[in-house]
Amino acid sequence: MTLTEFFGLYNYWIVVFLMMTGFYIVIARRNMIKTVIGLNIFQVSVVLLYVTMGKVTGGTAPIIPPGIAGHSDGEHASSHGSHDAHEVVDHAHQHAADAAEIIYSNPLPSVLMLTAIVVGIATTALALALIVRISEDYGTIEEDEILLMDRRQ
Amino acid sequence: MLVSVSILTLLAVTAIAIARIGDLWAAVMFTGIFSFLGASWMLILDAPDVAFTEAAVGAGISTVLMLGTLALTGKKEKPTKSSPIVPLFVVGVTGAALIYGTLDMPHFGDRHSPVQTRIDPGFVEKSQPDMHGLPNVVTGLLGSYRGYDTLGETAVIFTAGIAVILILRREPKEKETERSTGKKGKSL
Amino acid sequence: MIEYLHFHLPVLPIVIPLMIAPLCVLLGSRHVANVLSLFACWVTFGLSLLLVSRVCELGEISYFLGGWKPPYGIEYAIDPLNSFLMAMIAGMGAIVLTYSGPSLRDEVPKSKHYLFYSLYLLCMTGLMGMCATGDLFNVFVFLEISSLSTYALISLGKTRRAPLAAFQYLIMGTIGATFLLIGIGLLYQMTGTLNMADIGVQLERYRVAAVIVDGIEGPPHWEGSRTMLVAFAFLTVGLCIKMAVFPLHTWLPNSYTYAPSVVTCFVAATATKVSVYAFIRVVFGIFTPEFAFELLPLDTALWSFSLVGIFVASIAAIYQTNIKRRLAYSSIAQVGYMLLGISMANQDGLTAGIVHMFNHGLIKGALFMVVGCFVLRLGSVQMDDWRGAGKTMPWTSLAWAIGGLGLIGVPVTCGFISKWLLLTAAMEDELYLVAALMLISSLLAVIYVWQVVEVLYFSPPSEKAKKATEAPLIMLVTTYVVVAATLVFGVWTTWSAGLAGDAARFLLQGGAP
Amino acid sequence: MNSFPIIRVVTKLMIPYILLFGLYVQFHGDFGPGGGFQAGVILASAFILYGLVFGLPAVKAVAPTKVIEKLIALGVLIYAGTGLATTLIGRADGGHGNDHFDHAHADHTHSDVVEMAQANFLDYEALNHDVLHGFLPHGQHLGIFLIELGVGITVTAVMIMIFYCFAGRSERFGQGKGAADAGLQSTAKEATA
Amino acid sequence: MSNVTPETLIQICMGLPLVALVLVVITGKIANLREACTITISSVLFFVTCQLAGHVFSGARPEWSLGDVMMPGFEIAFQVEPLGMLFALVASGLWVLTTIYAIGYMRGHHEINQTRFFACFAIAIFAALAAAFSANLFTLFVMYEVMTVSTYPLVTHHGDEKARNGGRVYLGILLSTSVAFFMLAIAWTWSVAGTLDFTPGGVLAEAFSEGKINAVQLAILFCLFAFGIGKAALMPFHRWLPAAMVAPTPVSALLHAVAVVKVGVFSVLKVAIYIFGIDLIADTHAGDWICYVAAASILLASLVAMTKDNLKARLAYSTISQLAYITLGAAIATEASMLGGGMHIAMHAVGKITLFFCAGAIYVGAHKTNISDMRGLGRTMPFTFGAFLIATISIIGLPPGGGAWSKYFLALGAVDSGKAWLMGTLMVSSLLNIAYLVPIPILAFMAPTKNETDDESHVDGGWKIKEGPLLCVVPLCITAIGSVVLFFFANQIYQWLIPIVQSGH
């Protein structure tokens, strides 16, 4: 275990720690809301894992500054259509070259995680809806108690 | 560096706090804080879009949803009787596996890792001509290169919406009774 | 028109149900939604059959969504295996939906029907999408579409346990999906790409040729294998949860038991199979069998888990008085057979595993459809209430008997074909113990199927059974279509076993997706 | 409700700005962080805030459940419809979309697809057009604009719908009182108990 | 008819029972029409089978394959050779008689679900014919299982608690042995020999010489086959046979004489001859263990039979004992023993079906099931008990019963193979046969009825003949005569069967 290794990986380890905390809450807790909270933390930590991958030391966010992006300031919204398409491409290339001087972090993990976050909130909403129903039907959201009630039946 | 270390430390502390706290209301609040801290770190990691979304979703929507649920259910978690040994063991094994797995990973911020080099030209360079100079590469990726994933994402949201309606919408009272009586009639 | 159809064939079976689903909600009428969804399902089925024939004709078909080639964009890679599976999913989806009418009216309030149809279509979309895609992350997205819709569909069950079952499934399923996501992330970290074929190619770079020491070839060896190993483990565990492999199966019995009959029919026939498919893809399409089975002792682990699972689940099935739960445990056992085939990692074993996915889908679909008929007429899934129903519902009972024979694996039913293939594959591999245990375990199926047959035919009728009448014609006809299919594919196997053989050959020739 | 006039006033003042911000995020997603999803969340939050303060019936009067339900579906249809449209348009005049696009130069990875005069699903190149130059965006931009619109509509509607459903389950809240009241009452009860 | 090729005849043979099935189901509501169909078709079938037999016994080996419907290597294919042909002849010939008998019995007894009965019967015959004609083990196995399943509804025909228990044992033993042993054995054969085709001289000899399988493994494999073919009712897997006695008597006749048990022993013979090969078994002594088991089965079953008072139960144990002869023949593995086994299929079939027909006729006519109740019954039912006596002679193996020849060949085989002690077994068993079968007709004819004054048939001092329905009595007389005819006809059968043991050389 070298020091570079440590500094190169400790980010990941903390993320792993966060993930496992979330995972622990999910599997150890019998309260349903707590379980959902655990899932949330688990998922956020996975998002962190991905985002960490995309980062480049010294990089910036993958948004090309307006000056470089090839459009005069403030005309973003309507500029593309008015240009001749070839011109656009030329512009774009020229500025892509400019852009290359700046280091950008990888945008793909961000994109994936946008999707994952959305999936996560969808799951949370569904889970909470189910909890509301269960709570109405059973009068509790403690899994132990519910199992006991079902067994008695 | 200092900022990120402190944020990471805070994240870890918050996570432990959530795991240990018995009051659900507080746990939800801490979850919001966790998301918010996470979002801040994402910002540092050059992912403003994700940070924005995480803040809106984690610290916003899901907190509100959970609070709403709490209002309908109850705020106290009952202490569990089951021993934490088994979950701890599972988590320990999983965590150890993951740590083991990180050992061969490219280091943090490595410019020559496969993630950065496999796609050449990278999305940033490629998207400029492809997208006719769209500044936010993430949007281009989201909408076009991986537009199909986003369609799936929309479908997921749609599914969740429909599902919540199905699960929670109250049926009009008279229909409910009609159903229960009508069923008996039909089975004959 | 034909040209258009041929060109967009890979994507249309997924997009059509995906578009009809919101349309059902938009129009908001029960009847319109019913007609629309039926239309969507049958058209999808037709298109998938067309797709199968195209794949047989042309070989693998690639379709670049958005026109972006991988590694930039998402690719649909249709090969013999997934086209085959898509056809099965669409077919089961269509037939179960046709069947659903009376059962649905009985179990789900009418005002929710259009939402049900919408979710049903989405579930189908998700499953089909998981099959078609060649992009690992896209698998995750479509997995979630199908999962979320399944959770909601399960929660529609009549009893208060249905939402609970759905919640338990949701937690397990989400853990599984998150594990999958971690695995995908680690792979992405190592390869920088998400396209399955491309990941396979990139991983090859880490491979170090086997070292030859003293003329003996050492085992092959991978650089950076620790991350790959963990990635593989997480993908496997994630998918194992979804396919309900033995120790991770806890969500399945409750979900199948408390869901509305129609939902159980469709989900039991298709959902776990798609996860098995995804697993096959991970093992053979991304990692090589060499990596999975030589570097890791995965085959031993798999077959021991499968066998233990088969025995435990089969024995558990015998003790269930709730028939849906009985079949649910049987499903867990049957997944074991599929994995058993896959763990052999050779032509015969893989063929057996794949063909069992198909055959078991048919059989389980048929049996759950029969259960649906009984539930409609008897209002119960308890064995006690089914007593003597063979006299008042002869056709439904006969369907159970024939379907049950399929599950047992009696010749002339398709269950026999898969069992036979699995057996010969095991013998070929000289896994005599596995072969013997597999055969003995399949006898347990005799017990849990035949107990029900005896209850139906040889017991004095229960109060409910006395009053019961034969199931509605539409449900009977559709059930018999599936039952007939189990017989047809038990004799005429060119299509099922033949295609499965092609698919296995394709996978083993390093045919990355 | 009368007991918190300040909240009511502040809410009424805030909502237009929230809506405006939401629209900004929706349509400015190309240039900065943001897009349909984030915009949807923000827009929905305006409605939710309104509902929280003025009660469920009030917000349902502004955005009826039926309409929201249709909007959920509409968004997905817009998205998928865009994809379907590209395949249909691409077929009608497939070459057109790529006329002024330099393949070799741009290293665009369109395959033999283009020669077959077919545009793939979600291939926005097919959306190039000659109408309303300078006003309506082109090709990729139009495509992204449309799908982001679809995402935005669906997300907004779903979020509002989830709020409706949860709020509809709360008996006190469903009667027209704000959640703030409900929450306060319950905490007050707990305090006395 | 002469212009029809043997290949077509195979198709017709197997098609006819299916046609019968369809017709029975369609005409189910009209009993007379339904039974007319069955009788017509079974007669036509017998005729067609005879035609085919003409070809086969004159040396033709017609083949027919279902084409490319199965996985490569495992195909449904048919090829007719003399042993199968003999079995098919027996099965189709007795189907005609059984059908006629069944009509009389079922009507006389007012059974329910007659349509289901005749339909399942047709399937069972189909399976028997298909098994007889099968060209490979795979086909044989498929048909074997089809028969198991199709006879289950027949066994449980009454649908009561007793039927359920009987059916449970029946299906349980037959399915589990076939799945756990038979199927395993087939797969093993496949993995060793690479083929499942029935080949004169066997397919395992090559694998043995190549060292893919050793002598001990061969013996184990042979045991797997012998026990796996549960229908051969080798002890200790014989329980299903007495259990299946809950079925109506025509079914018992079908089970015990025509189709089920015969398909079992037929399979054993077929495996011994065409998979192992006589020489291989003889050289490696693979069959020795089974010899002991079969010999034990013969004796034990006979002993048990003596203790049974219920006629059908006694006959069932008799069947177990007789079947073990055939298995023994296969295990001894000499030319003579194989021929004896093959002949015994026919001899025992005709003899045993007569006995069962008699048992049924007694039940229908006098409502008696226990032997002790049959005192003096021979005087009211002379034809029935006369036939019973004749069949008994054949089963025991005394001239002029057909069974004499098959036992002679078996004994010859035992001596040939050097297992002279088996001779003793055969002798003892014959004595036991006498002990448990002969008393029945003697009791019926000689003993006075238990309570003569109560006996309605004893009117005016004379014995009024009160037989069962005519449709029951005529078939049993025919089969009784048949068992005598076979004695004189045995040389012909011997000649027919000779090719099966010679083709390997």
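Structural remarks
The letters A, B, C, D and E name the chains in turn, as written, and every chain counts its residues from 1.
In this section, a residue touches a chain if its C-beta (ideal position, glycine included) is under 8 Å from a C-beta of that chain, and two chains touch if they have at least 3 such contacts.
Since the structure is predicted, the reported quantities are computational estimates derived from the model, not experimental observations.
The chains that touch subunit B as well as subunit C are A, D. With centres computed as the average of Cα coordinates, no chain lies farther from subunit D than E. With centres computed from Cα atoms alone, the innermost chain of the structure is C. Across all inter-chain contacts, the pair with the most C-beta pairs is A-B. Among the remaining chains, the Cα-based centre furthest from that of subunit A is the centre of E. Spacing of subunit A relative to subunit B, judged by their CA centroids, is 7 angstrom. Put simply, the C-alpha centre of subunit A and that of subunit E have 73 angstrom between them. Mean C-alpha positions place subunit B and subunit E at a centre distance of 70 Å. Averaging Cα coordinates per chain places subunit A and subunit C 30 Å apart.
Within subunit A, contacts with two or more other chains are made by residues 19, 23, 27, 53, 61, 63, 66, 76, 80, 85, 89, 93, 108-109, 112, 114-115, 118-119, 122-123, 125-126, 128-133, 136.
For subunit D, residues touching at least two other chains, in rising order: 30-33, 35, 37, 69, 72-73, 75-76, 80, 83, 105-106, 121-122, 124, 138, 141, 162, 165-166, 169.
By the contact rule set out at the top, the touching chain pairs are A-B, A-C, A-D, B-C, B-D, C-D, C-E. On the subunit D side of its complex with subunit B, the touching residues are 29-35, 37-38, 41-42, 45, 48, 69, 72-73, 75-76, 79-80, 83, 105-108, 121-122, 124, 138-141, 143-144, 147-148, 150-151, 154-155, 157-159, 161-163, 165-170, 179, 182-183, 186. Of all the residues in subunit A, the ones that touch subunit C in their complex are 19, 23, 26-27, 32, 35, 39, 42-43, 46, 49-50, 53, 108-109, 112, 115-116, 119, 122-123, 126-127, 130-131, 133-134, 137-138, 146, 150.
Listed in rising order, the residues of subunit C touching subunit E in the complex are 405, 408-412, 416-417, 420-421, 423-424, 426-428, 430, 432, 435-436, 439-440, 442-443, 446, 450, 454, 457-458, 491-494, 497-498, 501.
Contacts from subunit B toward subunit C in the complex involve residues 97-98, 100-106, 113-119, 123, 126, 144-149, 151-153, 155-156, 158-160, 162-163, 165-167, 169, 171-172, 175-176, 179, 183, 186-188. Subunit B meets subunit A in the complex at residues 4, 8, 11-12, 15-16, 18-19, 24, 27-28, 31, 34-35, 38, 41-42, 45-50, 53-54, 57-58, 61-62, 65-66, 68-70, 72-74, 77-78, 80-82, 84, 87-88, 90-92, 94-95, 98-99, 102-103, 105, 107-111, 113, 115-116, 119, 122-125, 128-129, 132-138, 141-142, 146, 149-150, 152-153, 156-157, 159-160, 163-164, 167-168.
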